[in-house]
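In what comes next, subunit A is part of two complexes: it sits with subunit B in the first one and with subunit C in the second one.
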Partner chain A sequence: MDMQVGPILSALRRHKAGAVLIALQIALTLAILCNALFIVHQRLSHLSEPTGLDEANIFVIQNEWVGKASYAQLDAEARADLEVLRRLPGVADVTTSNSYPLRGAGWDDGIRLHPDQLTDTTGATVYFADEHFVRTLGLKLVAGRDFRAGDIGVMAAQDRLDPSQVIVTRALADTLFHGDTAVGRTLYLAGSPATIVGVVDRLQAQSVARWAADFAHRVVIVPRRLTSTLGTYYIVRTHPGQLAAAMRAAPAALVARNPRRMFDPRMGVLSFAQVRERAYESDRGMATLMGVISAVLLAITAAGIVGVTSFRVGQRRRQIGVRRALGATRHDIVRYFLVENLLVSGSGILLGVLLALAMNLWLILRFGMQGLSPAYLAAGVAVLLLLGQAAALAPALRASRVPPVEATRAG
Partner chain B sequence: MLKMTHLSKVYRTEVVETYALRDFNINVKEGEFVAVTGPSGSGKTTFLTIAGLLETFTGGHYHLDGIEVSQLNDNARSKIRNEKIGFIFQAFNLIPDLNVYDNVEVPLRYRGMKAAERKQRIMDALERVGLASRAKHYPAELSGGQQQRVAIARALAGSPRLLLADEPTGNLDTQMARGVMELLEEIHREGATIVMVTHDPELAARAQRNVHIIDGQVVDLAEEPRFHAHNARVADA
Partner chain C sequence: MFLHYLQLGLASLRRNPLLTALMVMSIGVGVAASMVTYAVFRVVSSDPIPQKSSRLFVPQLDNRGPRYNRNGEPPDALTYTDAMALMQARRAPRQTMLYQVGLSVMPQQPGRLPFKALGYATFADFFPMFEVPFLYGRGWNADGDDARAPVVVIGRQLNQRLFGGADSVGRTVVMDDQAYRVAGVIDDWNPQPRFFDMFSSNGYADPPQIFVPFNFAVAAGIETYGNNSCGSGGKRGSDRESWLRGECVWVSPWVELDDAAQVQGYRSFLEGYARRLREAGRFGWAPNVRLRDVRQWLDYRGAVPPESRIALAVAIGFFIICLVNTIGLLLAKFLRRAPEIGVRRALGASRRHIYLQFLAEAGMVGLAGGALGVLLTGVGMFGIGLVFQPQIACLAHLDLRLVALSLAVAIAATVLAAFYPTWRAAQVQPAWQLKSN
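What follows is the complex of A and B.
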């Protein structure tokens, strides 16, 4: 089969402007499409990352006290609250902490392996916990032991953080000890030594920000109840199917015990599903935006190809008639315009691949994005090749219907 | 070679039906050189486009080289145009985007010929029309006479048995017209069948046989007084 590449190329050289414009448009679309889809994919894969919690059965209460009280009073109030919640029907266990995974804010601190180290070995999220924390969250202890009631201390935000024992996540243990046994080892948290008594399989940090991606599962759990005048978080785990009922009953029960408190109308009581929803709102928004931009770009490019091809077909009706008179079949005419499109798209795509890599490099340097995976490049190339051929097909078919007798018409 | 019997061609628009050809009969034998004359609008071009399978007809029969063409599908018609018929148009109809060489190559490529053979045939054909040195030129860079010679080379390159020419000299001055006519005569001597529509009585006279069309029908010249009057005027001039 004769693809006629030579003559099509020489004819194209005499009509550069349209071809170059389309090629550039395709190149730009490819570059943006590859990078946008790559970003979308990265954001979305992040979205379904498990926290390590028994998410389906957990809800969180943000409790704010009204009026002044001493730290000792605040701790007593909190413990009374935990007892009330624990007695609610459907509730399996309750704990209190300064934060929880995906909340977006909390306590981060530096971890060192030696007291005289000049810089931190790593940063880590610090969760304050009592002896119910591991069980309430549904964490899986893979080594060592859980905290006992006697381990738990009380501290205020301005106090020094100096627990003698901690539980760490496997991710943090691996970062610190590269696979060696962690239980029994000492780490320095904010300068104070602490012995690792347990390792949990998985527990996500409070931040889902992109800069924190490397630290997403480096967590240290300290046996302290943090009392704060600002309030605290109660994390409640229910028996399966009891979540909604417990969520409704909990605030009323707390208010009945002590009415001098507030729950934020939007954030006061959240199921963990809602927590997750909020945490990734901007990621989802970003992904949607990128998707819409990609779709619009593709549509514009397709429209451009349809337009230019239609214009060229209209311009060359006489020539098409002459080709038909000289023996071209309808197939030959369709093929002519498809090959022409392939040549234009092909050069645009070559340029687009280079442009996509350049754009990715810029994103790496400027925003620390990851290297574009070749699969995305390949997918982008395939999409634009198909788009080009599909967009050229309708005008090409119209061209093939130009009758041979067109060759004899004057004009 | 080319035989039409009781052939008719009707152009239908919303308001009128035009009989471009009616009860049209003609028989052109292999190796003949026939000149077709007739007043404007009489149906000469219509006859040629049907003869060349550029268009279908409404009624009657047309046998080309022994084949009843009304039965053929579009692909088969394309193949016959490509292999058996050479066209020469009044407006040359070269493809402006392609140079002389590529223009002559067009029908050969549709025949699926190998590159080496194409090149041989193209250069031979351009040699014949005396334009081998212009192979890289574009149509716009050539005179009308040269363009028509390229068109003839394009028609010749595929060695068609039937050459159809619609006023091939209509856009040329006398000098150039003569050159083109000599070329056609040479091609005819080599065995091709030629049907040429012309308004020029001098050129028509050089053909073996003249066919006159009036109102979509072939008329016998001997019984047509108008033709004698016309010839007389030409003789006076």
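What follows is the complex of A and C.
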């Protein structure tokens, strides 16, 4: 391009205000856009993270007992319930646990490798399980074995948690043993030794909150049925296509066996798809909000560039006429305004990169977010450069249609 | 005269409909984004009990020690042992302990299904301390705390469901197979954020419907419906009795202290208590206690969700961009009218008049933008539920204050944005403009 930048710069110096405003607007837009899109990415990225479950065929019942019974009675009731559910048409398998992935809350505990260790090696989610747990959830056992019926014990929430055997996730095994064989090794859960009998490929924690992100897949499964007066969860896996029918039949069948129970109207019976939706509700909402803001922001900035560039063209009709009279082609005029716009938006983008990084730093310090990935910065820069040029194109074309005769008019 | 300028402004806005529409939309969406996010922020950052928030305190006691506590902070709740010790010491004019309970309510009418009611096990001082409004009856008195009598205070919704809203004081509610005598019915009461239970809730939940005496609940073995945090060092016990005496924390404590001297006194009492426990061998570390008032406590527990702060910050940034955009557009609009300005100046209008005229015009833009902003804020309120949890979303609403604020912000911001373009307009040299054209 044989375009001389010198004249453009001197023209810009004479009409600073419009240029500075466009640059400023581009800078601020870039800063917000990069960070907003980065937030969208972060929120959406774990939205599709697999839990390790056969999600399409699973639903969960939150069973709350009425009245007050002994722990032995509660356990007998739960086992009778499991039998009823297992006999329902379309049901493949059923298990009972204290919680399940994405539920939001449950039991977390510290894991150590030695009895005399002073602090935890890592935190982990604890799922209580019977011999049907691994099969019902559809977990993939990659080493060792599943629990057998004889391994399963019963405990109340305030009893000592001291299983002699546990199953762990691959993520937890890797954290503890760095790739060495985990089966047969001992870990200390809440101070008590337990032998690892099996490793499952993947099983997500109950919380998707950011504080739990570090141990999102570090899970230890203990062979215990947890009995609580507060109630229990039944996790049901159906044969493909039978989910809806089984979800309708299950509560009725349980009430028919023993009516002294409650299902919360909102939370009582949830398909895993609903569980997933609830767990990521705020993430999806935040992503939507940021997406909408980004889109409107780009539209506003584009409109602003069109407006101000039109004004700058209007201001210089006579100058354009003179150039045209002196032999500049329409092409030259378009190029002039586009290069001018490139210089203005370029300086805006430089400032914008700094602002984007500063805003990201604030998000990191204040909310523990991750560092802005350079790809997002690059994408933001590209989008705004293209947007700026596209927005300036229409006014530049209009400028090119200024007839040379304009030079002779007063003004 | 000013009215005349407003009319002029209106006329001018009509002359350039596209540019005007662009500015009005820019201000409108900017204001709406800020106001919707502010409406949420205003709720989550509000003081739930403004008349007393500086007199209610949470005592905290480090029973984990420097190795196991989090960043040097004591846990956010007390062990049963410490809770009982603080209650028995009675070192504050009022004090209470609480933990969440969820009980099955059995309606007396035959054929009705049982349902769950959530609430708290607490002490008599709870009701006067937190200024709980009563519809019928009242809370139990201090004797009720120790009588271990099964009484209950129920919420308005539960009273409606069980007794059709009638005065139910003295009647019986059966929960978990236990008959409770109704001592009082409270009116709608649900402070947001729920400052008194930031340990087991995130601060936003449906109104609590049952309150039962703490000592009775513990003796009856009613399990906590809330959190139980044992840390990774302390004794947990191996059954309910030893768990109660162990180092797991699950009881939220509150004390009411009326002046600085009482606060100081309570703090030294806490330190003395921790020191005695060290001498007794339970703690192997120097006293580490806290005494936070409501606002400090909410701040410490992070009552304002990060979503709300981030959304507000991004929306304000967005509004600033809209304003910069407006400055550019106003500049374009005003300077395009240089000839008109020249004529007015030549006919005797002073710079002051030009200022007034153009600021009035900007004010009209602001007003129109604000009106659009209010409209969009109303629309945006429906979208809040997408971003925030339902209990928060239903609290944010478009009230008269927010409407007034939207309009004021829109007009003030636009007039502010108009200063530079107006200044430029006022600089127009009449002679130049008259010479050309």
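Definition applied: the second predicted complex is superposed on the first by the 409 of 411 C-alpha atoms of A that agree within 3 Å, B and C clash if a C-alpha of one lies under 4 Å from a C-alpha of the other, contacts with A are read in each partner's own complex, and residues count from 1 in each chain.
One rule holds for everything that comes next: a residue touches a chain if its C-beta (ideal position, glycine included) is under 8 Å from a C-beta of that chain, and two chains touch if they have at least 3 such contacts.
This structure is a prediction, so every number in the text was calculated from the model and none was measured.
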item	value
Touched partner set for A:35, first subunit B, second subunit C, both or neither	second
Touching partner for A:307 - first (subunit B), second (subunit C), both, neither	second
Partner chain(s) touched by A:72 [first = subunit B, second = subunit C, both, neither]	neither
Residue contacts on subunit A - larger count, subunit B or subunit C	C
First, second, both or neither for A:329, with subunit B first and subunit C second	first
Touched partner set for A:382, first subunit B, second subunit C, both or neither	neither
Subunit B versus subunit C as contact partner of A:11, first or second or both or neither	first
Touching partner for A:367 - first (subunit B), second (subunit C), both, neither	second
Subunit C-contacting residues of subunit A that also contact subunit B	410
Residue numbers on subunit B that touch subunit A, as the complex places them	45, 48-49, 52-55, 74-75, 78-79, 81-83, 87, 89, 91, 93, 95-99, 102, 105-107, 109-112, 154, 158, 166
Residue ranges of subunit A touching subunit C (in the complex, touch as defined)	17-18, 21-22, 24-25, 28-29, 31-32, 35-36, 39, 64-68, 109-110, 118-120, 156-160, 190, 228-230, 260, 262, 264, 281-282, 284-286, 288-290, 293, 296-297, 300-301, 303-304, 307-308, 310-311, 314-315, 359, 362-363, 366-367, 410-411
Interfacial residue positions of subunit A with respect to subunit B in the complex	1-2, 4, 6-7, 10-11, 14-15, 318-319, 322-332, 403-405, 407-408, 410
Parts of subunit C lying in touch with subunit A, wherever the complex brings them together	19, 22, 25-26, 29, 33, 67-68, 102, 104, 106, 113-116, 176-178, 221-223, 225, 228, 230, 232, 236-240, 243, 306-307, 309-311, 313-315, 317-318, 320-322, 324-325, 327-329, 331-332, 335-336, 383, 385-389, 420, 424, 435-437
